[in-house]
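Each of the next two complexes has chain A plus one more chain, namely chain B in the first and chain C in the second.
This part shows the complex of A and B:
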């Protein structure tokens, strides 16, 4: 279990984390928030990339001010993952396995398993410099799984992946949800919807919401309308325009509004609606 | 380094070798230096010259590894691996250390290349057996190739921590400006006595300071604590700066802070060692350095412009016994206790001594241990006391630029006042102020010398070993460094390990290669023959130790190339045929007349006339032919012409004896030219 208590982090005069309180237990957590919300800063602080300035983080009851147990038991995929171009895919796994202080026999075994999970077995002898962006991302996911760590932290894991690879990633995460803590920081709400048991929404360095997907959806209950595009002018003030879509030859627009919108039809909310309600302060 | 460390090292070697840039750079460096070193081996015979020449492009090692290291360590930024490595506990630190280990291996390859050629040069010169020389060559290459290269690697690593290439390349350029001779050359051109800013550049002068033309076979290569201290300072400072920067950027965890502190403290120690200076062999860009010293390679002399400090005022007392405790580190430190004779009832309150001005006197004590006031001026020391002294102890430290004394090498001849001598005695010829003369008072005295530190191979004319020498002599000569001692034909010879083969230049003949380890039996035979020719009983060579100290500069052995004492001979010599050697030995007997044109006559008589008659005669006949056509051309050749004419008229042996006797007779003060003219006209007396 990871407990974050009153965590603060400043970069000069800018406050990146402002008294963040959140707990991550077993399961899959989605970390949502706009750019600059503090998501990456939070993850980096958990992993020890940034020192704890104020507050504390506990991993299995031990403060991270005194130990780096979390970093030692975590697999991490950063937002920008890169590796030395001269190493092969297999070489990268061996390199990282060595860095993680794994015995060579275990490294070999784990390399085989992780490359197979990410469909990279056939590319094991290809150099990193010859990999496409998507392949490199898959390699990043593979190294995260190396050693079967208790905690897995993904920062924008599906960026650059095609739909098939995104689906594969979701299947990987779904397989390991039991007895693992998985934290996925992402902009892609669909991924959160498909995978995450719990959602944490951050805004301006604070935790704006913690709860289940259903609870997030419930935030937007009775606030979501669909209205044909040509009737947009009939909307009452205070409406937030969402996605446009086409249904049976008619263009509709989904809107969020705390004020009743007689021109629209009230529809059940989804996770994105709940997220938008939080970020717009509705 | 454990198993994991080795695995990581292998991976980093893969990264290094997988990159075209780093491989190309290292390959180019290796190929170019190998070719350069190989061509040097074809041009020079002896190890000293070979190694000196190999070190000439040392700056290229620094620049090459600076950029190579930068490219290698910048990969972490280029590939975006930095954040990920940082997330692994100790990941960044281990990658850094492993990367530095790879760069150290790369520098090590270059070092081994140089060392291999250095040892090959030794093998070709036939001195591979010498552990002293091998260790010295290895130490020189380690300092001037490996450490310089590794320092460049650490600098490159530090610069690579900056994310932007433009910043990196600017800093690399700055490093090149600071640590290559460029800075010293600029400061040197701007510097003068009132504004000695060149001294600021000394700390950055990593370049090996000597050129091919300046070498001392006994000393070897500049490998003093000052140079090591400077290198250690910069290397550890760079490491400390690297660690501090990475700690500041949170790229390393706080537990690395003690390591940074240790590096900083050791860097300070290196700086202190450098700052102590001392006796060094220096011919770098700083022309203000050693300005007031007579260095081994200087052509000018302090005494040329300070004739007032050439005094000759004997004392009424004599020193009968020396107890000398010497310590050789970055310079000479000495505590010398002298027993004085002839001081009973002495009324003068001032005891005068001669001690080379490069030694700072720190303390003077009488026989009871009481401190005595003293006054120091140039090479002279006045000790004041109200009571007559039977013994006095003088403590001093310092060095001479010309007669060096440090941990690496020692060249202290008995005729030079590196130990206190009674009275005010001149060190050089008054007329020129340049040539050193035998300052040693006449007579023998007892010496008990204990030496701490200093070079591994250290020899003295006095009996003893392991740093303890004692016995009766006119004076103690110490020669240490790259030297060996050997008995050759019954004569103890101390000679430089390298420079075994020399090229002799004999007028009218091509250079021939001779072995410096002459058969001393031939020398002795020649010497005895010459003594018979000039009508003098021969000195018994077998009872003397012969010290050779080849030098690329002259004037380090008396005012000739030989100094002779009752128990040893000091020789500085280039051409080494037995005839020439014997002639020089004979010339050493004739040191009494040192003024006017006597030295020229002595040299012409012994080295030309006696040693190689056929060449002398040829030269004389050629001179006569020129003079008949143009009488003005006699200038500078009178000795040759008149000697030849006298020998033709009066016979070789008679003339030889007459000239020898003239050169020995102090009472005969006729100018040499006048004597020779009379000899031609009137014959020997």
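This part shows the complex of A and C:
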């Protein structure tokens, strides 16, 4: 279990994390938030890449200020993965396994398991520099699984992946959800909807919401309307315009509004609606 | 220790064909230049005295370049690569990369020693200049380490060192300010050891700066 208590982080005059309080237990957590919300800063602080300036982080009850056991027991996929381009796929896995202080025999065994899990077994002798973007991302996922760490941290894991690769990633994460803490920082609300048990929304360095997907949807309850585009002029002030779509030959627009919109039809909210309500302060 | 050696071996392997460029430079170009000295002297009896300063100057000019080359190749993954934070997270963020620096440094010192050993057969006294060469390599290693982590770029550090090197080893005349090479010409006299003090002080400061920045490095 990871407990973040009153965590603050400043870069000069900019506050990146402002008294963040959040707990990550077993399960899959989606970390949502706009650019600059502090998601990556939070993940990097958990991994010890940024020092704890104020507040504390506890991993299984132990403060990370004393020793960062979390980084030693974590698999981490940064936003951009791609390294050691002249080494082979299994060479990179062996490098990272050695870095994680795994014995050589275990490194070999784990490399085979993780490459098989990410469908890279046939490419184990290929140089990293010869991999496509999707394959490289899979290699990044494979290295996070090395040694079966208790905590898995993915920063924008599906960015740039095609639909098949995204589905493969979701299946891998769904397989390991038991007895693991998985934190996925993402902009893609669909991924959170498909994968995550819990959602944490960050805004301007603060945790603006924590709860289940249902609770996030409930934030937008009775605030979501669909309205034909030609009736857009009838909207009351204060509405936030969302997706535009077509249904049965008519163009509609989905809107969020805290005031009743008689011209629209109230519809059930989804996760994106809940997220937008939080980020727009509705 | 064995694990660290395995990591280092893979880091060198990651250089690919580029690893061999300094070997060509040291064991191809430098002997070729020496051969030109021998040819241009017309094989007079004092040929060895004539070529001795030129050969040493070639060592000074090209061996430090090989050091810079290796440092850029090896440290790229830890300094420039956008994914380098992964390596710091797994390896322990407070760990420095001094072992890697030392490995590259010793590697190039051994290459230089091997070259000098070969030259012993034609220029027996050249060994005496090995210490001077090692000081240049030490100053460059420390400067590269500090500048790489300060600028978060191996290229910037390499450019700064190469520009200095080109000025010092190829253009400045003896006695120029900040010239590491000015007291190292072969003129039969040994420079007083204090001449190197500012350079060694600079090296210590840059090394310290590199270690300080390295312990909290995020690209």
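As a convention for this text, the second predicted complex is superposed on the first by the 282 of 282 C-alpha atoms of A that agree within 3 Å, B and C clash if a C-alpha of one lies under 4 Å from a C-alpha of the other, contacts with A are read in each partner's own complex, and residues count from 1 in each chain.
Here is the rule we use: contacts are C-beta pairs under 8 Å (C-beta built on N, C-alpha and C of every residue); 3 or more make two chains touch, one makes a residue touch a chain.
Remember, predicted model here, so these are calculated numbers, not experimental data.
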Superposed on chain A, are chain B and chain C clashing or fitting side by side?
clash
Check whether A:265 is in contact with chain B, with chain C, with both or with neither, and answer first, second, both or neither.
neither
Of the partners chain B and chain C, which touch A:234 in the superposed model: first, second, both, neither?
neither
With both complexes overlaid on chain A, does A:130 touch chain B (first), chain C (second), both or neither?
neither
Once the shared chain is lined up, is A:91 touching chain B (first), chain C (second), both, or neither of them?
both
Counting contacts the way the document defines them, which residues of chain A are shared by the two interfaces, the one with chain B and the one with chain C?
44, 47-51, 68, 71-72, 74, 76, 78-87, 91, 94-96, 98-101, 104, 140
Chain A - residues contacting chain B, complex:
44, 47-51, 68, 71-72, 74, 76, 78-87, 91, 94-96, 98-101, 104, 127-128, 140
Partner chain C, residues of chain A touching it in the complex:
44, 47-51, 68, 71-72, 74, 76-87, 91, 94-96, 98-101, 104, 140, 143
Note which residues of chain C are touching chain A in the complex, please.
3, 6-7, 10, 13-16, 77, 81-93, 216, 218
Of chain B, residues touching chain A in the complex
3-4, 7-8, 11, 14-15, 17-19, 75, 79-81, 83-91, 94-95, 250, 253-254
